[in-house]
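Letters are used for the chains, namely A, B, C and D, taken in the order the chains are written, and counting of residues starts over at 1 for each.
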Amino acid sequence: MTTFDDIVPTLDRLAIEVPSWAYGNSGTRFRVFSTPGTPRTPQEKIADAAKVHELTGLAPVVALHIPWDTVDDYAELRRFANDHGVDLGTINSNTFQDDAYKLGSLTHTDAAVRRQAIDHHLRCIEVMDATGSRDLKIWLADGTNYPGQGDMRARQDRLHESLAEIYAHLGDAQRMVLEYKFFEPAFYHTDVPDWGTSYAQVSALGDKAFVCLDTGHHAPGTNIEFIVAQLLRLGKLGSFDFNSRFYADDDLIVGAADPFQLFRIMVEVIRGGGLDEGSPVALMLDQCHNIEDKVPGQVRSVLNVQEMTARALLLDRDALGKAQDSGDVLAANEIFMDAFYTDVRPALAGYRESRGLPADPMAAYARSGYQAQIAAERVGGQQAGWGA
Amino acid sequence: MTTFDDIVPTLDRLAIEVPSWAYGNSGTRFRVFSTPGTPRTPQEKIADAAKVHELTGLAPVVALHIPWDTVDDYAELRRFANDHGVDLGTINSNTFQDDAYKLGSLTHTDAAVRRQAIDHHLRCIEVMDATGSRDLKIWLADGTNYPGQGDMRARQDRLHESLAEIYAHLGDAQRMVLEYKFFEPAFYHTDVPDWGTSYAQVSALGDKAFVCLDTGHHAPGTNIEFIVAQLLRLGKLGSFDFNSRFYADDDLIVGAADPFQLFRIMVEVIRGGGLDEGSPVALMLDQCHNIEDKVPGQVRSVLNVQEMTARALLLDRDALGKAQDSGDVLAANEIFMDAFYTDVRPALAGYRESRGLPADPMAAYARSGYQAQIAAERVGGQQAGWGA
Amino acid sequence: MTTFDDIVPTLDRLAIEVPSWAYGNSGTRFRVFSTPGTPRTPQEKIADAAKVHELTGLAPVVALHIPWDTVDDYAELRRFANDHGVDLGTINSNTFQDDAYKLGSLTHTDAAVRRQAIDHHLRCIEVMDATGSRDLKIWLADGTNYPGQGDMRARQDRLHESLAEIYAHLGDAQRMVLEYKFFEPAFYHTDVPDWGTSYAQVSALGDKAFVCLDTGHHAPGTNIEFIVAQLLRLGKLGSFDFNSRFYADDDLIVGAADPFQLFRIMVEVIRGGGLDEGSPVALMLDQCHNIEDKVPGQVRSVLNVQEMTARALLLDRDALGKAQDSGDVLAANEIFMDAFYTDVRPALAGYRESRGLPADPMAAYARSGYQAQIAAERVGGQQAGWGA
Amino acid sequence: MTTFDDIVPTLDRLAIEVPSWAYGNSGTRFRVFSTPGTPRTPQEKIADAAKVHELTGLAPVVALHIPWDTVDDYAELRRFANDHGVDLGTINSNTFQDDAYKLGSLTHTDAAVRRQAIDHHLRCIEVMDATGSRDLKIWLADGTNYPGQGDMRARQDRLHESLAEIYAHLGDAQRMVLEYKFFEPAFYHTDVPDWGTSYAQVSALGDKAFVCLDTGHHAPGTNIEFIVAQLLRLGKLGSFDFNSRFYADDDLIVGAADPFQLFRIMVEVIRGGGLDEGSPVALMLDQCHNIEDKVPGQVRSVLNVQEMTARALLLDRDALGKAQDSGDVLAANEIFMDAFYTDVRPALAGYRESRGLPADPMAAYARSGYQAQIAAERVGGQQAGWGA
């Protein structure tokens, strides 16, 4: 039997990277609703992220998005972050909001557009040098809407060429993670639609290239924890983009739509060494708080990951292995579910207090007055948002 | 055997309503790309729509969206349309772009918000009075993103109350059509997610309320032509929003993703009397030309509907009925496919010419210089787009 | 705050109907694996069901399937059941295993086949008279595999006629429940594919006809609890077929694939009065224990329903309503999740003991030696199974 | 412009492997309907397959399934086939119908079960030696139904070990093709669920291992032609299992559900060299004629592949490339659709006659009296079917 004490060392290691853009406005194609207190600068986003970490101890790193978080002095931004108790993490590139990229970026038929997209990534690597970031994350909006619109095969070849040039610029301690996505914003085909494509592409690059798994980027019915297990087995799982969804890429709070799925994913992460000391797997959030408040939305998100991680860690793997080996389907499932059904919330509250954190970070946030404060202070200027 | 001559009278009746917003910019949550020549006013949208009708003879009516097409004088707008050879059609309401509607409109917990949304629809009915429109089309973005966020049952009751008040204001010759949608922009639940809900709601209102079927608003694997058949059988199919999709509500050109599905839909429309003289079924487009040119995108769309309608009309229903009655599965399918596989394009080209229309409207548009003309003329001002 | 004591009266009312066929062999089209101890007669199935009830107190009624459970003397079978501490429940008809039904039953083009199918249902009503059953459950395999194979509209009309004749034979205290199913065994279209169709059909019959909702019979992404809420609102939810699935109609143990979904469904059942005294809603299981032992598979199933019902009953609806009314999305969701995350298993163990039941029915079953006993005794003869 | 004459050489090369089991009875888990004339022996299945080839010239090779087609003397069976004008092709293994395989075969926790499954494959290789078959096709039913039931990661490792042993026994001219499947008969996870897994596994084996793509084995919305393009690019597409589906693995006649999808797949096959002289890609059918007659069902299937191949070959790739390079979305799509919409049936009828084949093979089959003949002759004995 695993006890809560047994799992504390791993819980202590749990660190979730939060994305700067989660604090800005987001929405659907129909409407982006704005909210009082929304950050207007990268610094304000980092301040919000730091609040999440202050309350939870779970979010020590902030991922940036270029050009959304462009500043003149990244070393200065890093100091700002450090002063607020957090660090800068993954650099996310963006080749989907410039008119040139309407029909593609790294895969475009026009060499000049590919050049522009490659150069953008080279600049991102320069940012990484300044921020000390390890990972360059590439998510491509590339794809087509209509059959015949593009030559899917040639696009794949061009993708390899473009990635190879970017890869060649990575420093020794830097990595590339390539995200795949089933659909959207392209509807007929996307150029990196599945883990197999991302895996084939990064394998052709080398040891510093990995797959990024966004939990919302799969077809309905896909067994995501299987992909987690497979990529860990192949040594190519670089990072997660956590969120949840009911149907498409809804980008809801991780664990909100199907907490049991999040549990199963964490079980495989642990099984494959993804929470071991020195694990190469980065856990990130990638969500859109379209209608809920953003800072507590992020607090809720990292708590959800922590809670499901704790349950997954409590899984009695010895007993499970015995039931599996003996072919006892019902016993194996019961042992598995027992971990999921165990209410870890009281133990986690105590654990937090023992670390000088609030027992209930959501309540602590509500009490803190932070939301009212930022709503009062952040008036005027341009609220941050997708594309802003 | 049905010949092309036999189907000409029905083809002559075919009229497709085009939406004013199809001519404006649209996009995804990631980016709305702008295009030279995009209309800046309702009049420019109507001019574009009139061009589609001029080239195809298929699009005599333009649907408006309030408030996107708000003008001071709707009677004047109607004359403008008539002068351009088209008429004004369905009035589409909009309760998804005002901050008040963030958590709902006709279903909102707050009576003041419901009042605002109801009043908006009453104003739409006044517009209908001025434009002579028959149909008020209601698509609601109402729904929730998180389990527990709303009381789905109470929202359904409030929806009925709100609709009943709107319905009571309809004139004798006016109708309400209630659209359903599986998901988006709400992700956990939508308040009118399926035809059953729309049917239950409009049935509770009365004879002037109908269902609107948007072909992109279903779960994967849904047999849409079955729903068409069922709603026609129940006397409650009011209108179509045509488009196509590969996965979600992609709003691609109708027939682009699965032409055989469009064929099957038209077969059921015809089977159920939907193209008969005096049919209550309005055929509309509802698409987003995110990356392709908008006017020829609409031309292609109405041509696709015409082509699949022609194939569906050519179906040898006598032979089909015999094969069905005898249980000859392969023969019945072969007769069905024979209609689909018949290349009606040459006959339709001749048909168009006999009506004084260009044989190839796409080529005629390219030759017309219209695209270059509007790109040159429509400079400055605010391009129309979703929300603009 | 709701306490466990508050919910005990409702828990006491909870009764789940178990299907006789769950105790027989089942499988996929690829293979039906047989198991030692599988029943060979309706009596042995009832004995197994009685064991489930003995251990859980949750399964006092056994649903029968005709002709699989055909006996000469149904009154005698009822006495047998009563002697074992259970009662006979819903009668399930079967029009999918006779060669005549290859292309349909109640919807068939051939009047003779429809006659045969109608007569089968009339015989089922006679069985109901003898067993004292209230409900006749109709699930139809009717549908087509290829476009054009059948006239969907005419089949719908014939379905109405057939159902109307059957309905006319129902006694005053008897009901018909019509199940819908998205696909399988027909692949192109099924004649009752969705709740809307079932609702339209039963509404055309009268007050004694209801919809049966099988939780595995929906398209991916369908919000099932919404349908529950809607059907309860419309007064037409007659019964549930509980099971769970990852992708298709997997017929796995209820709650196994997505326990949170089962929780949400129970929340809406309670919200709509489905567990009130005198509720018209029958809760049934419909599962296939393809690889796990069948009796403990059923024990696990009824326990899962009980556990999720307990959590759903603990939902603090007052607090939830306040959060919903104030538009506090995160608070409402947290209140909702708090009920789900509450580990009711210790309280339920105590509750069971207070009723003279084993605290852990799964362990009690394992200890009972029942599985070894039936494996030893039930040798020879024809094991029960789908179609046997 | 490509003319029909241009494509004749490729059409002449088109050869589709038909599966012996398509001529036997098949069905769903609910019912297997039997048909007069169904073969009772491997020889009768081959005779039926030969009839398909006689009428179409498209089906010169018959795939066998072991143990369903077990005979004492495979060399003799090969002569029988040759005498009937066809050859023997791919050998399909079967590790899903023995009681030992209930919880897995090549992935089973029990080494004795893995041994049995490996040995079965070694025997299949012996059959290949006798029949002169090139390909060993492995489709595994391995997987689990319940979370926790198995250790997915360890199963993947065991799969590799088992495959490696089988692979080591392949002759120089022999190949292994590993099929993947999204779900069924396992519902929670399958051990080879997607092309990525199959690709990773066969890549770890060597140059004689390839992926088999069954068109029905994907999640809804999956862009299958993209996978075709990718696997051809990676040099790992070994063979197709053609069929069609609306929702799950329906195994309907190829092209029946979505002819446009089949067209798009053939476009990518051609684009990637899959129909070139010496191509490593085997085109096979894998279907279940549950309700339609089997021999004409197979005739229809190979004709569908031929028709869509002809349309795909007619695609004006030069014009398409220009439109793609210029970013003209609508023009590219129109060129693409023009090929699809071209009615090749008259030209194909002439082509057939020029090869001494019936212009209309379906009609020729109906006239041939073959169906009545086999119905009269094949009386008594055990009809072939899945598992028979």
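Criterion: contacts are C-beta pairs under 8 Å (C-beta built on N, C-alpha and C of every residue); 3 or more make two chains touch, one makes a residue touch a chain.
The structure presented is a predicted model; accordingly, all values stated were derived computationally and were not measured.
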Set of chains whose contacts include both subunit C and subunit A: B, D
Comparison of B-D and A-B by number of C-beta pairs in contact, larger one: A-B
Centroid distance [mean C-alpha coordinates] between subunit B and subunit A, Å: 38
Length of the line joining the C-alpha centres of subunit B and subunit D, rounded to whole Å: 40
Sites on subunit B at which at least two other chains make contact: 103, 145-147, 182-183, 188, 220-221, 223, 246-247, 256, 260, 291-292, 329, 333, 337
Footprint of subunit A on subunit C - complex, ascending: 220-221, 223, 246-247, 256, 258-261, 291-293, 296-297, 300, 329-330, 333-334, 337, 340-343, 345, 362
Subunit B residues within the subunit C interface of the complex: 103, 109-110, 145-153, 156-157, 182-183, 188-189, 193-197, 199-200, 218-223, 225-227, 229-230, 232-234, 260, 264, 268, 271-272, 320-321, 324-325, 327, 329, 332-333, 335-337
Of subunit D, residues touching subunit C in the complex: 26-31, 33-34, 96-97, 99, 102-103, 141, 145-147, 182-185, 187-188, 220, 245-248, 250, 252-253, 256-257, 290-292, 386-387
